[in-house]
Each structure stands twice: as structure tokens, then as C-alpha cells.
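Chain IDs A, B, C, D, E and F follow the sequence of writing; residue 1 opens each chain.
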């Protein structure tokens, strides 16, 4: 096994990182994808060598490796409009400040730059996250939205992220955007448009998380092929569709997670509708060599039960391609 | 034929009502569902008897009947948050005023009251429209949205619409909300919750438009059965799903209408995925006796070609149930 | 056009045959498949030459041809158990007599023999009908049913029908059983077993009516191929499946026809789920040269509207195969 | 784990209860759902305290618990018409008596009352069973069945079961009817009608067994939601649909279990088409707190192989919901 | 209507062109796509001005236009290996010569050059045809085929067609290859590879014929989008899939056209599984402005019946996009 | 467990048989299906008693049994046309000789006779293999193929294989043809035709390998029923279909195994789309008592990982039918 299987700590940020590391190591995970919230990682301490060393030593103590860090929550605030109570709950006081929307956005952008520097300091080359979006709220396209308004949204994204990505370029780190509703790129064609908006600059790539693709009827496996040079990271979150009764809808009905009337829901990796084996084989085919990270989220299952089970599931299917072509054997002349 | 087939004038408001009436009558429509924008209807003139009589005479001149009027655009502004440029483009100066969001909402609410009064003056008992929603923007449920925030959205809807519905009650008119993304009720379960929020008061019912149900995988026929006592009006708008290629997504990718990469699009009535005949038979079964209105919308087809074709399509399928049970014939003893 | 399109009069038996003939001829039907109930045909008058001539003259007056006659209702009573109020409503007093079940069965059998003789007298070689079944009531297989009980049911069928078929053989007429729930053969494998039970005697064949096949997930087109030497007649009845909502069930829920909660329902020919064109092409392929009969049944549509529409539908698709192979043209050398 | 997983002894009644208990305990089952036939339970001994204590001690010896008892076979005879050889094979001599149908029905009803008393004596509050039906035989709706005949069937059910349920009420026990072909309630809409027929009295609820729902295209998960206040017990029987070849039909073709030409067949729990995980999560959502009982039935597999495997399958998926909401973790501010 | 609807004469080459023109004009076709076989067109007479003028005058007499000519049969022979009796039947004596395979290939290539010159002489800019393939016979990939052998096949194609395409470039005509089994490009990925092999030179594009795409599960509509700059011509041939019975296979079983056991078959345009309306709308979206040509092929229907019906079908759906965007109307401020 | 599970050595012929035996025995396989290439088996030594004994002793050393031997590669060459480099790579020098096609075919036929004799010498009654086909190359049916050409292909097969089968008959061994593209019988209807061509002689039967059936939409389970008297051997090779993106095609696009753009690919047994449990139950139903052989082929997985996993998968599902009927238990009278 050469590709490490890691656990994303984002859904465990209520626990100290030390405890998460202890759990993950105990279950057999190879490493962690650490979130920049809770006490897990503090981007602003990127230049505090002792802090950085301490984090790395924590991992070493548990025999865990580090390949990427994440900062979804602050990335979200970079482009979002409106900025509201939801953001108040996911950013620190430092970013929130007086809550003035533009100020929040700018301070969130600064934190993303710091996150890039922290990644470099930790010796990893990938930061995973969200971009936010000024136009997500127009998704229903009613009241009528002009093409200009849409174009402006992509420009706003580029204007806000290019300076951040300049820092990424400076420190040799890549940003892996997670394609996700509420972001600038949330499906196939918005990803195409987003990459164009940013001029395909190499600092900006994708975190492949298929969970939102399956309920949008996007083929997550073909997605890997088409964006193969931009797959910078892989997150294994799963989704279950439950729309067979004519009443549960695609949009989730504003219902809470685990409500069985939702048309789709996050579910423990391997219990849902993602074609995992096809995907892992496609990762082999496109030469993806990075970590396979389990982003475990399932409001209907105990995470202490689910996280080790997900590891076992992923390990059983995420095997490497064989070294040599197969037909050779069958075709052998006698 | 007892149920009239009408044409909704909302998508024809760039033409004078006289011209729309001339066209519709020429194609064979029985009547119109008239929009309260363009020059079609002005809600503020509800107490101008001459104006009202003039509008009715216009219809009479073309041999058209009137069963319902519509005011989607102002209803939209009643609850929406944010109020922005999109609203600026769909409300009158009188409603927009200085553009202060709360002021816009209140003036829009006043216009909805006037619309009820206009309906009464015109002798019809149904106003079709949208409600707007303060929580539609939370549809992705990320950043995380608390149950309190969702609950507040439904309360906001009730608080804003109850006074409007009081006027509806006063003048004996019903409001038929069109279930639609961007509204408080946009699918099955949000409709259930919305009706609860408003205490199931009889002034508030539904305009059944299946076009948004089919791409959300809601069964529009079962919807009629389950809400049969709230089906106050029927709009025949159609939708075509085009998601077979693994790239076109359910959410439309922020692409313009008629862009073939959209996962779904409005299409001329009868060209899409709505099971029309099943629906018309269900309307017979639940005893719906109101108008069947063609809401024609298709950015890929000329409306002058489509509107008469849609009429022919609807007329061929929207037949009445037979008078007597059928088996009698087969079971006749000899 | 060589294959006649006929109208089955079974669902019109509340009208005098003269009236049905007038209607069918007016709509353009080529002929009738006449039912032996109502005043349409009286099997007991097979030896009344004047009666027979009168019936034929009635058809001639309307320019209609006759290719087959039907006696579903009495055939049903031949094997059924129990015999109850339902049968009282579909057989004549002569067959019902004192209502003693075994007596009813035997008198029904006698009427079937008379029906064969009437067919011969009328100059047609096919009688369509049902067989009834002593074991249909065991379809749920609970309480547990022994293999012996099932075997006995097929034997009972053979014992009761062989003497009837002897008369058919004697007068040169074939019986075309309609595969249908409540009969001895109601799907593919019961048809196989039924033909075995009767020793594949040539007097017993099938009336292909696909309406019950589609809701049982039987492929009606492949059925034609597999039983191609037993397809003695074709009835075009159609069925619409409506099971997409997770609540409407395959078995119909004991609900009345046209109740929209039924999982399936009869529907005007061409409005349902039968793959008609594939079927008509298959009929060409197997060399079926008999009539195409419209058995029109739809409790949700006026029959005076539906019957002519069904004729138009069938005529547009039931075209003959071309005389010569097609490729010849493309392959022409220059 | 708080919900016990039990084994239904109905398919093991050829073995002494002691032996079944030994097997079930050895495989790790938590308890039994004991059938009132074979030597397992004798309802007529409900007032024999020693007998009752002996049965409970037998369970205790094997460390098994008791939550419900079953009497499908006698319940079946309460409403059935006709009563025939099939019933002779499933009821005792005491119920069968002289075989007069009405006498059998009344004696079966008496046994159901005794079963309620036995349940109370054993300290359990649920009896599972069937109701039988006077109108199941009309399922094909041909020969034509009048609405009166259907209505009479539901009335007959109410008339026969209300006195039985009075005893249930008296002793504080609930009857859980298993929705099943051949019963008064066999699908969604017949369940609705059945509950109406009995006035929704609380003594009458449902044993959720999804095996017959899947082949009827009823959504067993939505069924749980819609009847959530009537789910009194859960039986895990599974069904495999095999209809892809156009020949195997929905109705099973009167073929024996395990015949591969049947369109559906019972199969070892977890090997079939029931969406078990969705169902178990729905049970969590509706707050079902009773036993999960394995009703193992598969004519193509050895039960000694299947029963322990089914337990393992159910235990792996029937996990409890987590204590606290999940998002809390992700949303933690840093 | 601006896009002409033409009839491809390939399947009518047993008739004189004059007769085909008479028929097509009579049915209302706008023009012809004329085949270079039968007496329709003789490529070798490209420099015979009188012949060319005569052909054009023939069209004029019938009021028909010409937009493209076709030479599938000789194109087929350019790369095929083996060359056998099948080719003997589709090429002229001049091309066949002594039948030596390499000689046949070279003479066929010469005829393709002459065809380009004939197109130029006739004033049209498109030649439709096939390429043949040296590697089609390896489609099963068994006995094992090396990557080298596949690569060689694409090289052979380029080597043989580049000189032909040089002539096309010289005379300003484009070759539109029809993607089709037995050709070098027969599906999506082979089309990608073929265009690479030929260096994407602009003389080589595609004739979009969806009939073979649908049975290969290729999305013909997405195909238009992805190759939008190479869609040089459109042929409307249709295919019906008939694989629901588990016995009819994708590969056709070596059965003759119109045999109902084939898993797919050509069928009259509009009777099959091609999503025609989606396709015509996509043609609007990509700006295709050329002819829509009906390639009518259906071994189960008389062509004299089918060809005019196909024209009516295509004309009803191949409408142009409207001039102006639609939302403008709805969004009008009042 | 009575049916042995064997490993087919064809895909392991690059290893010495001793090594394959060691591996297979170590994983728990019961026996081998040995290929006649590599060093595994040499058909020409059928009369070398010492060689034969040595092979059997090798198996005994590892505790393995032998039930069938295979010679796909030489069988392929018996009918193929053209004979080319692909064959050069799969036959020995002895068969290839000077490479003259007819000579190769005849020498291959001789080897098949020797293979029958070797089977007899080894004490097994089944040889598995391919037939080759002179008409496979016509599968696209273009250029047009006459019915005569197809008929000739089946005759050629019969002419070449009847003499071989005479030897099989002589030595009491059966040939089990594997239905497979590139062979005379590659799907359902070609199998029907092939058996007719050979007069249904009992020496010629089938090796059921479902891998090619699933991508051709043939039902592999129904296939077993329909050809139940010809199922002489079972090979468990699996296939995964990956056609959901509208670009990957049924025919594989001439792409190499494990290329994710192929529409289907071989995959480790149990990872694909074969309905294995249905199939194993059908094997029970038709009374198949021979070996279940794992033909492991998956270019995307290491065979040392896959082969033992496949064994575990097959063993878990290929259980025997129970001894006695099941209902007996449920139906027990009390």
C-alpha cells in the first residue's frame, strides 16, 4: 500500500487534536487531514516554529503522517454574500471582528493566506477548502438573473482569490477547492467556468469529494478523468439518495440531517451511492498519488462506530493497480 | 368541454394585453390568466370601476373568459431576503421606492392586498403568485443552518402573509401559491410545513405547476392527491430533464435558459417530462373544476409557434371523466 | 392494408349490436369481434339459420366484416371456484339456473360448445374467451398450497375443457384463450403449463392481449415470439402503470377502475405502457394474418371519444412489412 | 445496543421450542418471537400459570427475552372465505372441528382472544398475526366486483375483529397485523382503508414486514413514516425480485418457492431487495423502540446456514442513532 | 425555416435519380443528399461540365436544392481489411478491378478524390462518407490485440486519408465521416483518437448520425456539444433498442434487419430511441446551420410510407431558436 | 459442500503449473481447471502415460482435484478467418507451422482432438474452449452481408467441428464452448443457431461464463434455464459496465483493458455486474453438479490479491439447496 488513508478532522473539532490522533491511530488510519479550527490548527501561528514542531510531534507520537491541511470555514467567508449569522458561527472572533461583511471577507482572505504559509511550514503542499460565492444565492435563477450578474460573480471570485493564490504560489502550496453547493464551483460546468475565471493557474485545483455530485446526477468518476490534472486531493464523503417515494425532493426540503424525508443525506463512507470502486480505479488510471482522506459525516450513526468501519471499507477497495499488464499471461504461447 | 383552457399572460407582458388577447383568442384559448404587470393589470386601480369594466370588456371583445389573476413578481418581494437588483427589475417604482429592503417588502405586501381587491372587483376568486422566502438562500444547508433559523423563516412567512390573507378573506378571494424554488414552499415537505405555518387557513392554497417538481423528483400527480383540498389553480408549465451524460447537473450550473448544458430547462408544454395525462386524470379524480392554464415558457422555441401547439396538446388530453362507470357495459347479463 | 382492424363489442353490450355496428362503421373500423352477451350474439341460436343470416346481414349493412366471436363471460364460469355473486352478474339465467356451482360450470361449458357451433355457422374460425380457474384464488400461495393442489387445478381445467374442445375440433373452430389474471393461464409460465395440460391440442390457442402482461412485467412482444404458433387472435387493450410514488401497488388495492391510487389501470389503446409498434412489427415477423381487434376499456375517458382515437392510433402503427428486403437498395453496385 | 434482535419461531415449528431456543441462543439472538403452533405456545393454556412459567423459564435457561408472540395461522382463518383444505393444514383439530367454514372462523376468533390473554400472561404487549380476508379472492377484480362487495369485505373484517380486539383492550395487549397478500390489508391503500374500517382503534396496529411490499413496488421505508404511530412490531423477511427476463411475472405463476421462474421469492434476510439500512434508519427516526425480529424464510438455502448469517447482517445495520446532533462538531468556532 | 431538410438517396439508389427527386419533391423535401452510386452521381465525371449541369438542372426541375453529396461505399474500401465479397457488392467494376485488396483500396481512394472534385463542381462543400478501418475486426479484443496493432490501425487510416484530404483541401471541400461500427471512428473515444490521428485537420469532420450511438449507449446530444466544431453534416437515421427480454443482445446476433430477435434495428426516423428534439435544440445551440438530412432505413416498413412521415416528424421538431431571449418578457417591470 | 470450486489456470500460464497449484491450494481452492498452454498441459502427450500420471500426481501433492481441462487458444484457430498475428501469439510453433491460414486451422483442429484424448487420459469428461468463427468479423453487418454468407459461416463451423467432436464422442469427453464475442456462438440467439448447426449432438455443450453476457444485456441466469441440458461447465468471470457518462461505449473503443474509458471491463469475480447469487441458485435449480471454476481476470487489480478474495466470494454464495422443502415447517398443524 503506497497511498495513505487519512482521516479529516473537521467533523471532530469538538475534540482536542491529541484525542482525534489517538482515535485515528488506534483504528489504523495512516495519517490526518487536519482542520484549521477547533484546537486542531491555528493558521496565524504559521511562523511560530515551536507550535509547528509541536503539531508535527503530536502526529509522530501516534505514528500518523500529514499530507494536507484544510480550512473550509474561512475560505467560505471569502466570497460569500450575504455574510450572516451562519458565518458568525464558523469563523473566529478575529475574522468576524465587527461583523461588517466586507471586513469579514477580507479578514477571511488573510487567514487563507496564513493557511498557505502554515501548510508550507508543516511541510505539506496542499490546502483544502471552500471558496464561497457571491452568486450561489441565485441558483434558482428566479427572480431573473442577468448574464452580467453571473459573470460578475465569477469575476468577484477571481478578484478575491488571485491575491490569496499569489501567496500560495509564493510558498509552493496548492489550494484544492471542494466542489460543493454554496461555492463558486458546485458542479461540472461551474467547475469549468471557475477554472477559466482563474486562468487555470496551477495553484488552484480541486478536492474531489463525490458526495454532492451523486445527488446532482454528476458522474463523479468521469469528473476525475476530465479534470485529471487538477485533482489535488481526495475526500471520501458519501451520500445516500432516497427519492423513490415521489415526495422526498432533491433539494432536501430545508430539513435537518438524518431526517428521513430529505431526498439525500450524508452517510458513512461506503453506505451510500458513490461508486467507490470505479472511482478508486479511476484514481489509479489518472495517476493520482496523494492521500485518500475519509471525511466522515453521518448524522444517523455514531462516529465512533462509523470511522473505523469506513477505514476498513476504503482500504478494501483502494488497492493499487498491478505492476504489469495482465493479458501477457493469457496470451503466452506454449 | 367544461374546464376552460387559459393562457397565462406573464410571459407576454412585453405586449399590450389587447394584443395578447387577440393572439390567444385566435389560437382558440378559452380565456386568460392575467398578470399584474406590464400593461396587463394594475392592482392599484382595483377601485376604479371604469378601469375594471374596461379590462373585462377587452376580454369580452375577444370572447375570452377570466378565472384568475396573477401577481408572482410582487409576492416574491414580500418575504425575500436579500432584496437586490433582481427585485429592482421585477417590481414597479412604486414598490421599489428608495429600495430599502424592509420598505420594499411592506409595499409589496400592500400590492398583494390590492391584488386581492382587484380580483374581487373583476369577479374572480383566485390570485396566483409567489410568497418569497427569507430562508431559501439556506437551501444548501451550508454554512450550517440551525433549526431555529429555519423555524424563523416559516414564522416570518406567516407574519408577513397573514395580514395579506386577512384581506383575501375579507373580499372572498383565495391566494394560490406556486410551489417553486426560491419560495417558502418549493417541494413536498416544505409545502406541508408552509401549510402548517399558516394554520391551514383556507385563503391560502396552491397553484399546481409541475415544472419544478419533475426535476426535483417530486411526483406531481401524487402531489395533487395529497393536497387535493388546496389545489386552487393549475398552471401547465413543462420541464425537460437532460442529465444522462454525467455532466449536466440538477442545479442548472448557473447557465442561461436554453443552454444545452443545463440539467433541466423549461420547455413548451407537452415537450417535457411532466406526465400530463396522468395529471389531468388525477385532476378529474380529485374533482378539480377550475381552469387549466398554459404557462408557456421555452427559451429555445418561438412563442408564437409554441403557444398554439401547447393549446392543442392540452386540449387533447385534458378531457373530462365519463359520466357513468364503465364496467356496467362489460358486466351486462344477457 | 390487408389485416382488418375490428372493434370488440364486449364493452358496448349495453347498446344494441345495430348501434355498435353503426358507430364502428362510422369511425372507420373494418369489422367487429362480437361478444356473446347483451343482444349481440346468442350462442344457443347457432342452428337457427335465419338468426345467423340476420346477424351477418346486419354487419353487411354497415360494411363490416366478422373474423371472430367472443364469449369471455361464460368461459369464465367453466372452471371457477367459488362460483358466486360475481358470476350471477355475468351469466344468463339459463346458465345460472339454481346457482348450484357445479351446475353453473356445466351449463357454462355447454354454452361454450354452442359458441363453437355458432362461430362455425357464422363462418368464422375463432372464438375468444376465458377459461376460468379453480386455483386462481391460490395466487398468494398462502395459506400454503401444496404442489398437488396446483396440479389438480390444471387437471381440472383439462378435464372440463377437453370435451368443449372436442366440439371445437368437430366444427373446425379454434378457441383463443385470453391470458389474464383469474384464468388458468395468466402469465408466461402458467401459459406454458396450461398448454402442456391440454396436450398442446391445436384447438386451444391464445388471444394475445398485452394489457395484463405489462403490469406483471411480462414482455408482451417476446411472448408473441415464444408462442407464435398459438397466437390465434389479437386484442389491443392497454394498461397504464402508475407506481412511481411508493404507495400505489401492483395489485390495485381493491380500488375501483379509474381510481388514481391503483398501481395500474386499463387505458385507451395507445395511452398506456404497451410497446405497440414493437408488437405490431413482431406480428409481422411471426406471420400473424388475422384481425387486430381494439378492446377498448378506460374508466377515465368517454368511450365515444376513445374508440375512434384508438382506431386511428392502431391504423398508424399496424402497417404491413414491406415486400422486399431493404438492403438491396443500399447495396446496389454502381 | 438497546433494541433486541429476535428470531421468529414460525418457520421452526417442526422443532421443539427448546431446540429452537438452544439454536437461537447459540447464534447470539437476544430473544424469540414465539409462534402459537407446533409445541411452541398453546394459547388455550393462557390461564395455566405453571405452563406459562415453564415457557418463560425455558427462555431464561437460554438467556433469551420475549417481546411478542405470534398467531398468524389462526388469525388467517378468522375472515377467510373460502375455508378449505389449506386451512385444514394450518389450524388445530380444535379450531377445525367439523370443518364447517363459519364454525372454523368463530373458533379461530376465539383462539385469537386466547392468544391475547396468553400474551398478557407472558408479560408481553404484542401479538403478531394475520387477519384473513373475505375479499382477497377478488384481487383481480374480474369477474367484475361491485364497490358494495368490497365495502362488505371491510365491514366483515371489522365485525369479526372488533370483538377480538375488545379482549386485547381488556388485557392491555396490541394486535400487530402483518400487511400481506391474502389479508384484508396487503398494501398501502388497503392498510389505509383497514385502519379506517376499525376506527383506528389503538389495539390494532401493524407488524412491518417489507418482504411483500418490495415486489408490489410499495416503498417499505415511506410506509414506516406514514404509519409511524401504528408500527407495533418489525419482522425482517426479505424478498428477491427476478423479473428482468420478460418471462418471470409479478404474480409468481403458481410456482413453488425456490423455483427460479418465480418473479419474486423469499430469500435470506439481507440477500434480497429490501433497503434494510434505509429502513433501520427510518425506524430510528420514528422512534420505534421494539424488537427487530428475523423472520427467516428461504426455500433455496439451509436455515441452519441462513439464520445466523441473517442475525449478523441485521446487527451490522440496525444500529441506534447517535445521541447528539452531528453538525455541532463541524460548526465549532475556533 | 432556414435549415433545409433533405433526403439521402443512398437507400433509393435502385431507382433513377429523376424518380427519387420526383418523390422527394412531392413529399415536400427541400433538397437531396445525393449518393455517388446507382445512377445518382458518377464521381469520375466531375470534369464533365455538361453532366454536372445536367444533374443540377434535374434538381432544379423538381425545385430541390443540393448541399452535400455522399460516397460511403467507396470510402469504406479505402482502409478495410480484409477486402472481400462484401466489398465486391458495393463498389463498381472500376474500383474492384482484379479484386486485389491493395489495388481495391487505392482505386477507392482515387474515387474519393474524384468525389471531392465532383462536389466542388456541383458547388457544394461537403462530402459524406465512411473511412473503412483496418482494425475494426479487432473489436472483441480477442485473440489478444497489442497496443501496437491498434496504433498501427490509426496510422494506416491517416496514411491513406491524408492524401485524399489534400485534394479536399485543394478544392475547398470538407469530408464528413459518419461515426459507425466498421469504421475507424465508431464511438466517442475512437472519434477522439481519429481526430488526433489526422492532426485535427479541418478538411476532416463528422456526419452526425445518432443511430449507432444509441445502441452503444453513447449520448448523441452530448456528442454534438463535444465535437461542435467538427459537425459538418447531420443525418437523421433512427434506431430502436429491443433488449428488455434478456435474450436479444446488443450485437444483433448476426440476424437480418427486421428480425425481431435483434437487440437493435434501424427504424423509421422518429420511431426509435434517438432523443431527436434534444438533438435539434443542441444543433441550434452549437450554431449548426447546414442541412438536416433524412437517412431513411427501416426493413420493417415500406419506404414510400416512411419517407414522407419522417419528413413531417423532422419538420415538426427541427425548429429554429427564437430571435431574442425569453426572460425579457417575464422580467418586464410594470 | 459438494461442488468443488476450482481455479482456471489460463491467466496464470506464465507461471509453472506447480507454482499455480501451490498458490491455489494455499488459498483453499478445491481443484484446478488446467489450460493446455504454457507448461500446464501438453495435449500432444495424451498417450504418454508417465506424463499424464505426473500431472495427476502434481495435483495430488497439493490436494487438488481435476474436473475439466481447457484449450481456448487452439479452438479459436479452428474456424477463424482471417488468421493473423494475433493467432501467431496464441498458438504453438507446431500449430502455426508456416502460417498458412488453412494449415493453421487444420493443425489447430488436430490439437483439439488430442485435447479430447488427453482429457480422457486424465480421467475428466469435459474440455472447455472456443470454436473460432469465420463470420464474427461481419458482426457490424456492414458492408452488407447476405444471409448466405451467414449461413455459410455456421456450416463452416459444423464442417470443421464435427470431425473433432467425433473424437470427443469416441473417447467419452464433452466439449464445452464458452459463449464469447469472436466465437461462432457469442450470445443467446447465436447459441441457438450454433446448436442447430451441430445437430444438437451431445458432445457439444456450453461453458457458462456470464462476463460477456452482462455487457450485451443478455440475462445470464435465464440463459442457464434455457440451455440447462447443455451447461457442461461453469466459469466465474465477472464484468463491470461503466456506461453512465454518455461517452463510454458498449464496444470498448479499441481501448486497452483497465482503461477507464472502456464501456465495460473484466473485473475480479464479485466486483462486477453479474448477479452471482441468482445464478448459483439457478445452478441448483437446474441440477448442475459440476465444478464452479473461477476464471480470474482483472487488469486493474493484482491477481495475488484477487484470486483468494474471489474464492471467498464464490464460496459464500455458491451454497447448495436445502434437502427438504421449507414450507413444511411453517405449515405444521399444532
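Side notes on the structure shown:
Following the convention adopted for this analysis, a contact is a pair of C-beta atoms (placed from the backbone, for glycine too) under 8 Å apart; a residue touches a chain by one contact, two chains touch by 3 or more.
Note that this is a predicted model, so its numbers are computed, not measured.
Comparing the centres of all chains, each the average of its CA atoms, the largest separation from chain B belongs to F.
Looking at which positions face the partner, chain D and chain F present mostly different ones, since fewer than half of the interface numbers are shared.
Note on C-E: its contact pairs, compared by residue number with those of B-E, A-C or D-E, agree for more than half at B-E. Chain E is reached from chain B by a rotation of 120°, derived from superposing Cα atoms (nearest 5). Comparing chain pairs E-F and B-C by the number of C-beta pairs in contact, the larger count belongs to E-F.
One inter-chain figure worth recording: chain B and chain F are separated by 62 Å, centre to centre, where each centre is the mean of the chain's CA atoms.
Centre-to-centre separation of chain A and chain B, using mean CA positions: 39 Å. Work out the mean CA point of chain B and of chain D, and you get 46 Å between them.
Of all residues in chain C, those touching 2 or more other chains are 89-90, 143-144, 219, 222, 244-247, 256-257, 261, 327, 330-331, listed in ascending order. Put simply, chain E touches chain D in their complex at residues 244-247. Residue ranges of chain C in contact with chain B, taken from their complex: 10-14, 36-39, 42, 89-93, 240, 242, 244-245, 247, 256-261, 271, 297-303, 305. Across the complex, chain A meets chain B through its residues 73, 76, 80, 82, 85-87, 89-90, 135-145, 147, 149-150, 153, 180-182, 186-190, 193, 215-219, 222-223, 226, 243, 246-257, 261, 263. Against chain D, in their complex, chain F makes its touches with residues 219, 221-222, 225, 277-278, 281-282, 284-285, 319-323, 325-334.
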